[in-house]
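See below for the structure under consideration.
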Amino acid sequence: MEIYEVVTYFTLLLLLFSAARVVTTSNVIHAAISLVFTLALTATLFLLLSTQFVALVLVLVYIGAVIVLFLFGVMITRAPLGKNAELDNDKNKLIGATISGAIFLLFSYILINGFDGEIVITSGSSTELLGEILLSRFVFPFEIVSFVLLAALIGGITLARKDEALVDEDQI
Amino acid sequence: MILDLILPRRSKYYVAAFALLGTLFSLAPLVVQWVNYTNPIYAFEDSFVVDKFSIIFKGLFILITYLTFLLSINFIESDKYYQGEYYYLLLSSLLGALIVSSSRDLLTIFIGIELASTPMFLLSGWKKGDRKSNEGAIKFFLLGVLSASLILYGFSLLYGLTGKIVFSEISTFIINGALQSSPVLLLSAILVISGIGFKISIVPFHSWAPDTYEGAPLPVTAYLSVSSKATGFVALIILLTKVFSSAGESWGVILAIIAGLTMTLGNLVALQQSNPVRLLAYSSIAQAGFILAPLSVAGITGNFQDGIFASVTYLIIYAFMNLGAFLTVQLFSNHAGSTNFYEWGGIAKKSPITGVLTTIFFFSLAGIPPLGGWFAKFVVFRSMLSTGEPIGLTLGIVGAVNAVIALVYYARISKVIWMDELKDVDSETSFKFESPLKVVGVFTVLITFISGIFPGIFSYLGEVSSIFFGN
Amino acid sequence: MIVQPVLVTAAALFSLGIYGILVRRNAVMVLLSIELILNAVNINFIIFDSMLADSLMQGQIFTIFIITIAAAEVGIGLAIVLMLFRNRQTANINEFDLMKW
Amino acid sequence: MVKFDANFLAETELVYTDGGILAEFSWSLVVLPFVAALFITFIGKYLPYKGAEIALGTIALIFIYSVSLMFIHITEGVASEFFVNVGSIGQFDIEFGWVVDGLSIMMYFVVGTVALLVFIYATNYMEGEIRYTFFFTSLTLFAGSMLVLVSSPTLIQILIGWELVGVCSYLLIGHYWEKKDNSSAAMKAFITNKIADIGLMIGIIILALNTGTLRISEILYQSTHDYEKLSKVAFAAAILLFIGAMGKSAQFPLHVWLPDAMAGPTPVSALMHAATMVTAGVYLLARMFPFYKSMAPEALDIVMLFGVITLLGAGLIAIVQDDLKKVLAYSTVSQLGYMVAAIGSGAYTAALFHLWTHAFFKALLFLGAGSVIHAVHSNSMLEMGGLRKVMPKTFTTFIIGTVALAGLPPFAGFFSKDEILASFNHEGETTFFFIAVLGAFITAFYMTRAVSLTFLGEYRGHGHPHESHNMMTTPLLTLAVFAIASGWVNIPGVYTGFTDWVTTRKTKIVEYHPESFDLFALSSGLIAGLLGIGLGYYLYQLQGSAETGDDKIKIQPVWTVLENKYYLDHFYFRFIIDPIKINISKAVDKFNTNVIDRFINGVGQIASLLGGVVYNNLDQNGIDRFLNMSSSGTDSFGGRVKLLQTGRTQQYLMLFLGGVVTISLLILFII
């Protein structure tokens, strides 16, 4: 399993690196692309853990749809493209770093002490079984999630729609 | 059994009246359930349950939503907003709340919470042209998503620790494995409390509330401060008692501190407010502290029955009186066209009935008998003091001080509307008090009075909470 | 292989996301950071699922739901940002401070 | 100090009748006012007398009912209680109900009588005032709330009545709410009372939790049977209940609301300061007396201490007041101090007896003052004087009230004050006894001052005062009869009916009661009273007229004293280092006639100076400033706290996450 472990650690490192890029780069597009990399690496990790279906969903939903949505959002809000020093709020950096650092230390302390299990790789495709469980045991949440999506859809369309009649007079 | 969950779907027909009817009809299965009730019914391998606790809360949620609809009718019509979408989103949120009250596993409760809050993100920004509304929405949304991810992280730790997602199995696993004081469990409890603390707007997770309340359309604000908060509390009660009950001593102390802070901060800042909606926002933060207090004491002592009873009683009474308070604020601010209540001097003379209603609701919030808020405070104080624990006593004293502080601003607003000089005496604008709003007023006033004078109706709750904790 | 390194990586992702939402000015960037956080949660669930060799695959199912809901959240978030942008011509969340105190 | 006396309670297996149908229907006493208030609100405006007739009729019914209850109580002795269960919380039953026993019947009678007379008076007094109908609604509610309180067999009902009284007083004090002062006075009363109410509420909860019941009779039974559980918390509970009583009965330092409450219309002041509201605290202490006596005798000492402080402090303040109603207000506080101190000393009957007589003569004095104020359209005694000629009826009745308050025989106050003094003497509380005697002296002094300034001398105001309408003087005359005769129901050695009335309870209270007059107490009280009157009369009457003989300068001594007070107000209290010395030397300068003169004047000066010191530094400035400061303190703190709310989303997020981190660190590494 030597190779396997090396590959996993390498993935993790890359994951960390690209995640750091997401929040530190001063280029909007780079941040979005880094997020794509992060998600792709996550999917790789999932594949390594032989949870193929989830990896697939991640790739399809996130990389296929969400990121496109993000890029779309970036374009539409005319966020300054290219390098831009204005992207970060410098005053917050120190506090932000402190808080996130504290959270990281705290979490890793607890996680390292709390879990010491081995990863078990179940070989073979589990997708069929997953689908079965999803539609029997978890059919109720499955139904409900459709409501969430529908609500988001309806609300999102309503809010994002341009609507001259409703624009307030007092806006600049 | 699930009929009451399916019924709200009718709202897809986008008609206000139909939504109202649908909501009312959905009460019917609840009544049937209540009458035929024998034992809790479980479904989906114990992840969904119908017991008296959930029935009561479903009834509460449906009633509140019904009243919110009534509040909304005029608002929506007057501004020509998207009616159908509005009602659909409110109903989705209701559905989420209903699911939360019945869910008994991590996934279901999470989806319930999400379904309850996602539509609210949208609704709080419903006044599209209003920048305050937009701003409230983005604040609400960002903090909401953050809180959801905290809850999720907490859930993932729980899952990792126990490998289970059904509450009863988790808690059995924890007790069998003697994991009560495992740091992982505690961390996950903290994350879950923080995440839900956002929904119930307790300090320090409260900061979105005043801004969002101020920006959102008033009926939505009323719904946020009542139903959304109640949903959060139900989720918190379920999670704390069904999952984390064995670690009660740890989270009890923290919750007690939070409750004390929440009351004090909410009240002190409320003293400063001149906008009635912000005042109500801070007051509802303070009230959340009162609801939380018995729960925290219960965590320390392990006497959940008492604590839950007090919290639930307070929550239910609070729901109706706060809704009423929002109603009157809506009426007055519509009339006065000003969001500074110091400019409302003598406004009650324009509509004495509304003035009386305002006074009733605000006094009830302040805990003056024989109004419902008094009984609620009594129960809460009782449960805080009954333990004899130093923390309970301290919290009782903090609560007592706060009850006095709160009276100052509650009484101030009713003083202003009655006793200060009438501004622009000659303005001829007639006072509008539409009939749907009247229904709300009558209903909430009735509940406020009945709960104060015949608190006996809440004795059922004692039974209910014991059953709830018994299974 | 042992789980700790993966868990710690997830925690790091989580913290980085938090750093992002605290530091980024542009609302869209904040949304990106939130995606990082949710991704950290996903990794957690999957890793626990593998660690426990859960026959019910509850972790995987949870992850699928989270991905779905995250997609919904992104939609909502972008709708709100869009609305804000239309009214104020900026997506800088620090300029949204009409209401305070 | 107070010795535990195991025999003060005699177990009686209800040797009294249950009062029959009359007692059974006593709930109507409580329900009637509320129903009436509804009627007044909704149809009052359309009636010929704008709702006053409903209020009057209701109170008349209550009066008749209470008289008949009193009658059967005197003939048969009634002690019974009735409960209606309205639900339960946990193991507690929440019950409302009504209790019919000596104590409550006495209170029904007092409330009924005084309220009836005040209502009659008010119909005329308030004529043409704004919100006439609303005034009667709240007045009826006020009386009704008081009845809720005194008829209560359970602590929870007491709490409800307690708060209701507070709310109604808020409405009534702020009746002329167009004036800012009035509405702030109402707020002050409301909030001060609320502070005390919270104490009461917590005390009640503690009691209930440790006895498992909310019924007063059960708690009293347990407290006399030495229940282990109760005795542990008894002291705390007793003190908390007393805090509640302090608020309502205006005991130091929670008395600040009462003088301000004078902003309300005079009939309200009369009702509030005589029969309702302020008696509630004393009533509560009396109702819980067996509990205090057997479980928390140390708490009784504290009660007594506060009572004595109040009676002396408020009495001194009353001396320097120029506002007629404020004199009476501080006098009420002082008399309440007597009652509370009496309860504290274990003199249960004496306290209630003083409550009983005080209710009548204080109502009389207030109504008389109202009559005067109505005539001269001013509260200030500086604008009165010489009114005895134009208002003979008011003058006569006011004099009767004054003498009754000053405690001269055979007026009511004499007997009740004497009984309090006698029991102090009996208990061996020498210091407190002399303070109380001093209090009696002060009482007589300031009342004489008030009478002199108001009725004697020459008229100094504007306008043309005239005698009030019969609707106002009739209640005065009736109350004057009570002020004379109400003391005769409890004359040691002659007739002690009152003792039997109020000790007739489910568990009969047996306590020390003098068989005959305690001559020492009697004479010291009497002498103090006479001295006070004499000194007052000398200072304010004789001296002024003797020196000049001129009408205009007849009021010279008044001016002198007031000038000094003015001086004190604005100068002395800023440089408080040696006020007494300068003042005495000034006094000496002014009155260098003879030694006695000097001495007498010195006493008068010192008394008023002391009063001024107490008033300006402790009462108005000290406590007021403290209250104001604490409220502005919370305000400014709130102001600072609200700065957290910056409106910036990211700072909210920081607060949020910072909170999570802090909590995690706390919970994981500290707790």
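Letters are used for the chains, namely A, B, C and D, taken in the order the chains are written, and counting of residues starts over at 1 for each.
The rule we apply is simple: a contact is a pair of C-beta atoms (placed from the backbone, for glycine too) under 8 Å apart; a residue touches a chain by one contact, two chains touch by 3 or more.
Predicted, not measured: the structure shown is a model, and the values here were computed from it.
Q: Can you tell me which chain lies farthest from subunit A, using the average of the Cα atoms as each chain's centre?
A: D
Q: If you average the C-alpha positions per chain, which one ends up nearest the average over all of them?
A: B
Q: Can you tell me which chain pair comes out on top for contact count?
A: Maximum number of inter-chain contact pairs occurs for A-C.
Q: Counting in whole Å, what is the centre-to-centre distance of subunit B and subunit D, each centre being its mean C-alpha position?
A: Distance between chain centres: 42 Å.
Q: With chain centres defined as C-alpha means, what is the inter-centre distance between subunit B and subunit C in Å?
A: That gives a centre separation of 26 Å.
Q: In angstrom, rounded to a whole number, how far apart do the mean CA points of subunit A and subunit B lie?
A: About 31 Å, centre to centre.
Q: Taking the mean of the C-alpha atoms as each chain's centre, how many Å separate subunit A from subunit C?
A: 6
Q: Can you list every residue of subunit D that touches 2 or more other chains, as numbers and ranges?
A: 642, 645, 647, 649-650, 653-654, 657-658, 660, 664, 668
Q: Can you list the residues of subunit B that touch 2 or more other chains?
A: 107, 111, 114, 118, 121-122, 125, 128-129, 131, 138-139, 142, 146, 157, 160, 183, 187, 210-211, 272
Q: For subunit C, give me the residues that contact two or more of the other chains.
A: 14, 17-18, 21-22, 27, 47, 51-52, 61, 65, 69, 72-73, 76, 79-81, 83, 87, 93-94, 96-101
Q: Quick one: label the inter-chain contact graph as line, ring, star, complete or other.
A: complete
Q: For subunit C, which residues count as touching subunit B in their complex?
A: 14, 17, 21, 27, 30, 34, 37-38, 40-41, 44-45, 47-48, 51-52, 54, 58-59, 61-62, 65-66, 69, 72-73, 76-77, 79-81, 83-84, 87-88, 93, 96-101
Q: Under the stated contact criterion, what part of subunit B meets subunit C in this complex?
A: Per the stated touch rule, the residues are 106-107, 110-111, 114, 118, 121-122, 125, 128-129, 131-132, 134-139, 141-142, 145-146, 148-149, 152-153, 155-157, 159-160, 163-165, 210-211, 214-215, 272.
Q: In their shared complex, at which residues does subunit D touch subunit C?
A: Residues in contact with subunit C: 642-643, 645-650, 653-654, 657.
Q: Of all residues in subunit C, which touch subunit A in the complex?
A: 1-9, 11-20, 22-29, 31-33, 35-36, 39, 42-43, 46-47, 49-53, 56-57, 60-61, 63-65, 67-76, 78-83, 85-87, 91, 94
Q: Spell out the part of subunit D that touches subunit A in their complex, as residue ranges.
A: For subunit D paired with subunit A, touching residues are 650, 654, 657-658, 660-661, 664-665, 668.
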